[in-house]
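Okay, so subunit A shows up in both of these, paired with subunit B first and subunit C after.
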Partner chain A sequence: MKVGIPKGLLYCKYHPFLVTFFGELGAEVIVSEDTNKNIFDAGIKYCVDDACLPVKIFHGHVNFLKDKCDLVVIPRIMQLWKNEYICPKFCGLPEMVLNNLNGLPPAITDPIYATSWKNLYSWAQKSGNLLGKNNRQIKVAFNKAIEAQKNHKTGIDDEGYEIKIALTGHPYNIYDKFLNMNLVKKINNLGMGIRTAEFTQEDILAREADNLYKRPFWTFVRENYGFALNSAKEKKVDGIIYVSSFNCGTDSVIIELIKNGLPDFPFLILKIDEHTGEAGINTRIEAFRDMLERRLFNESHISTLG
Partner chain B sequence: MKATFPHLGNVYLGVKALFDGLGIDYVIPPQNSDHALNIGTRHSPDEICLPFKIMIGNYMQAVEEGADTVILTGSCGPCRFGEYCELQMNLMKSLGYDLKFIVLDMPKDIGIKELFNRLSIIGSSSKKSRLQKLRAVKTAVQIMHLLDETEALAHYLAGYERNKGQCKSLFHRCRREAMKCSDPQEMLSLIKEYKKRIEYVPVDINKDPVKIAIIGEIYTVIEPYSNFCIEDKLMDYGVSTKRGMTPSWWLKNMALSPLKINSLDIKKASRKYLSLEIGGHARECIGEAILSWKEGFDGAIQIYPLGCMPEIVSKSILPAISRDYDFPIMSLVVDDMTGEAGFITRLEAFIDLLERRRDNVLFGS
Partner chain C sequence: MYYLGVDLGSVSTDLALVDKNHNLVEKIYLKTRGNPIKAIQEGFKILKDKYDEREITAAGTTGSGRMIASAIMGADAVKNEITAHARAALEFDKEVRTIIEIGGQDSKIIIINKGIVTDFAMNTVCAAGTGSFLDRQAERLEIPIEEFGDYALRAGSTVRIAGRCAVFAESDMIHKQQLGYAKEEIIRGLCDALVRNYLNNVGKGKTILPKVLFQGGVAANKGMKAAFEKELGFEIFVPENYSMMGAIGAAIIAGDQVKKTGKTKFRGFKLAENNIFSRSFDCDGCPNRCEVVKIYENDNILGYFGDRCSRWTGKTNEILGLRSG
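Moving on, here comes the complex of A and B:
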């Protein structure tokens, strides 16, 4: 049995779990290629046009897999934390993909409530049963998958740069090189180090979010807002770059919250869609770096005077 | 305290009755207009959904007339509406307004104590007795129900009326007159009266008008300004329309949702295409599309603001329903840049299509 796993959306975070789980169940796991021109174009072509770029690209990945596997996994992530939600498009992802694409193999679309291992297990059990495995086999595979996930660390925390910025945004916008036109490398090449949210502890993220009038009900809000505020307040970074896609509803809120929380902190927002030109992005990051350099220089200047 | 609240269709009449009954000072923002949208857009984040922008326009205009407190319902669904209040509070503050917000969230999110707390802030500025307060709430809810029924009746009968435009003008007159009532009981009997008059509008039962269901995102289907008064236009074309999303539906849905017995018919109808709640009202959109097909409607129009997350999911599903049931569905996206001309062209083309389909069936071609 060939199980296809699309390399889109939160794959970048949860691939150890998915790949190990289905591999351990004895399936031949086929992962789509890194996002490339073909996958990108297919995504744009088949997905409804007012969706955000990451969802479109996910469509491209499923399209890539459709003749290469017997079963495709479309993770319908409903919740990652208790009492929090993630974007409605995640909850309706299978519906979008199954209706926008034709000729798909059967798909695993059961909802994933990853609020605890136990809740996650019920997804694993259903998926395992689809593959004709018994509970014992599923349990073994599940435990191995969790191990793999736990040992997997993502995140960037560069050292040795004079300027350091916090790179915020949804993980798939940060880690998909094709989507963001090699943003990480671009920033590094311009002499700036990067720090991402993964190095800030959950409780610190949560503490910042608690200062809001209303408890955010989006996981993404807590993560990005908490991270941005914390890194700025503790002077871990000199500026913040937020990479976002057009038509992303959660980002439009998070960006505003960060702006409100940090009115005077250098903050660059890069919005990306299928029409974004690389040259424009380059210029904006360069200008941002120049601004940060000036600020740093001025600050040190003033302090020697005073 | 001088309270205000954002517009949503006819809700202002219900709220007016409520505040009149409670004896609370209030300001109804001027009716939604390009002006409200323009000032709202100027001060709102670019990519926020359209309802947010119009609401900001409402607040700013209400403040000009002396309002100092905004009363808002929140909903902690997995959609942006739940984050509105935070952003709007910040935004108004940064614009230099000294505006209080009272957000009425669901008890499951803020706790029943906090809800009572917030309600009591409103209640304490009313000098009425407890009983009078309860009566005021009850009348306001009755008014909301009655208004929704009356409006639905007008929309439906517009396809059958003998004297063109009668339903529409009666309902508009009803709204205008209701606005003049300072006593909730008076408003209630006035609306009852108009409902009767619309019921007795001369109709031609042999007419078989085109029937269209209006589905989609709750704000943009209910608030006429945001959808270029699509229902008024359809009344002019002699089309019968139906819309499941109404303020009173919303009230009932909110009240029953903790028990999970809300909107059972919609849940059942949508199960095959969207079995889970994904936020916003995507599930209702799907369910209503199918229900209206079952009820013999000719087609459905989905309306939503640009970038609306749950409705983009529905939009992906609707073509499948359209195909499976041979039921035409058109999606209309609205935002502050949408031009009315293009909107009307598409609307007319859609009605033409529905009429042609009927002729084809009649003549068997």
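Moving on, here comes the complex of A and C:
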């Protein structure tokens, strides 16, 4: 059996688990290509107009897979931590995809509550049963998938740059090179190193968020807020760049919370949408670099490129 | 001995010459009209008749077309608009604390403290409330854009126009127009809406302290200046060369650079006569299928733009002698 896994949304973080799990169950795993023009265009064509860009791109990935597999995995990630949720669009993702695209193979759409291994296992069991596997086979595949996920490290922590910035935002906006117009490389090329949230421990993220007037409802809020505040307070970075897709509801909350928490810290918000012209994003990053340079080194020197 | 600055913007292309004391000696304001290369060529034709190219000892570019401008003319500095505008504003007035800049497709706020840019913001992906929208409304109402501001100042009262989005604003304006409101009042309402939108959007969370300079093409609009002053409660200043500030900044930054390198990369005025044209193609190197633009000068390739990896732009940097990126 061919199982299709779309390379969109949180695939960038959880691909070791998904790929290993279905591979160990004996399926032939087909992963869609890196986001490219065809996937991008198809996503925009088929998805409802109101959705954010990463959700549209996810549609493009499923569209890419629809004729290439017998079963497609649409992870309905509900919870990663107790008492908080991911994002409303993830809860309804399968409905959006199944109604927007025609001619899809059967899909795995069971909700994923990954608040504990036990809770996650109930998703694995249902998915494994769909593939006609027994409990023992599922358990073995599940354990190997967990192992693969644990051994997989993501995140960026550059060294050797004069200026370092925290790159925040939803992981798929940070790691999808097509969607963000190669943002990571652009920042590096302008002489700035990057640090991402993965290099800050969970308990530190949580501690920062505990200072808020109420516990954040969304996991993305806690992670990005905690990371931004901690990086600034502990002087791990000189500035923060927040990459956000136009229309994002959770970002609208996070960005304001960060601004309130760090009123005088250099903070750049990059909004991305369907644009492919890069002049706008280049101008903003270059100007931000110039500003940091002059704040840090306070010299009349202005670099000549950018 | 002059420094040349070129601000290749979405709506206008501005060329400025400054002397070594940073005084403006020449300014040329042209419409880009969708053809940035031709706009620069036109500007160079004018300069060529008045100056010797050997008098230009430094050249800088800015604006959204700064890369293409530097490829065809040779530039010592290729600088973003924020830094260029701030540099020119500080030259004009050391006391400046806030710069409001509204151009063809961008609007910006720049916060300055003790002569250093400490914060800035730009409009998001949407270009509502910028110069091109005002242009379009002027055209629709059949009023020359130069007189737009006067109309607003003549209005006895104002009409409330929706300011969040250019398309919403347009439909609101048409509805009000069909109810019989005077053009003057609608235009004043539009200026108020754009200022409201700017302050709530671009200026959100920023403390706007005087002295405020209002720069960019839209600063020509007296109605906008009045609306800002009403909203902020204090006077704002429009520098004499408000539409040239980006070009002046680029010229000054280029001058600083040549002081260090000792030699300019400026290639002279000859490009005015050369046949410069572009061809675009879809790169077949990977599924990204980038639309790459190739710029020619007669038979020579000047550069490539538009790819996401550096397969083509890398060559441009080699040709231009710039570091990658």
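Just so it is clear, the second predicted complex is superposed on the first by the 297 of 306 C-alpha atoms of A that agree within 3 Å, B and C clash if a C-alpha of one lies under 4 Å from a C-alpha of the other, contacts with A are read in each partner's own complex, and residues count from 1 in each chain.
Everything below uses one rule, namely that a residue touches a chain if its C-beta (ideal position, glycine included) is under 8 Å from a C-beta of that chain, and two chains touch if they have at least 3 such contacts.
On a predicted model such as this, the values are computed, not experimentally measured, just so you know.
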| item | value |
| --- | --- |
| Touched partner set for A:Gln137, first subunit B, second subunit C, both or neither | neither |
| Which of subunit B and subunit C A:Pro111 touches, first, second, both or neither | first |
| First, second, both or neither for A:Phe246, with subunit B first and subunit C second | both |
| Partner chain(s) touched by A:Tyr213 [first = subunit B, second = subunit C, both, neither] | first |
| Subunit B versus subunit C as contact partner of A:Asn119, first or second or both or neither | neither |
| First, second, both or neither for A:Thr154, with subunit B first and subunit C second | neither |
| First, second, both or neither for A:Lys89, with subunit B first and subunit C second | first |
| Partner chain in contact with A:Glu33 - subunit B first, subunit C second, else both or neither | second |
| First (subunit B), second (subunit C), both or neither touched by A:Phe178 | second |
| Where subunit A meets both subunit C and subunit B, residue numbers | 246 |
| Touching residues on subunit A, where the partner in the complex is subunit C | 33-34, 36-38, 177-178, 181-182, 186, 189-190, 246, 259, 266, 269, 271-273, 275, 279-280, 282-284, 286-288, 290-291, 294-295, 298, 300, 302, 304-306 |
| Contact set on subunit A toward subunit B in their complex | 47-48, 50-51, 76, 78, 85-89, 91-92, 95-96, 99-100, 111, 212-218, 221, 246-253, 255-257, 260 |
| Residues of subunit C that touch subunit A when the two form their complex | 64-65, 76-83, 87, 106, 116-122, 124-125, 205, 253-254, 256-257, 286-289, 308-309, 322-325 |
| Subunit A-touching residues of subunit B, taken from the complex the two chains share | 45-49, 74, 76, 78-80, 82-83, 85-87, 89-91, 94, 103, 105, 109, 273-274, 276-280, 282, 306-310, 312-313, 315-317, 319-320, 333 |
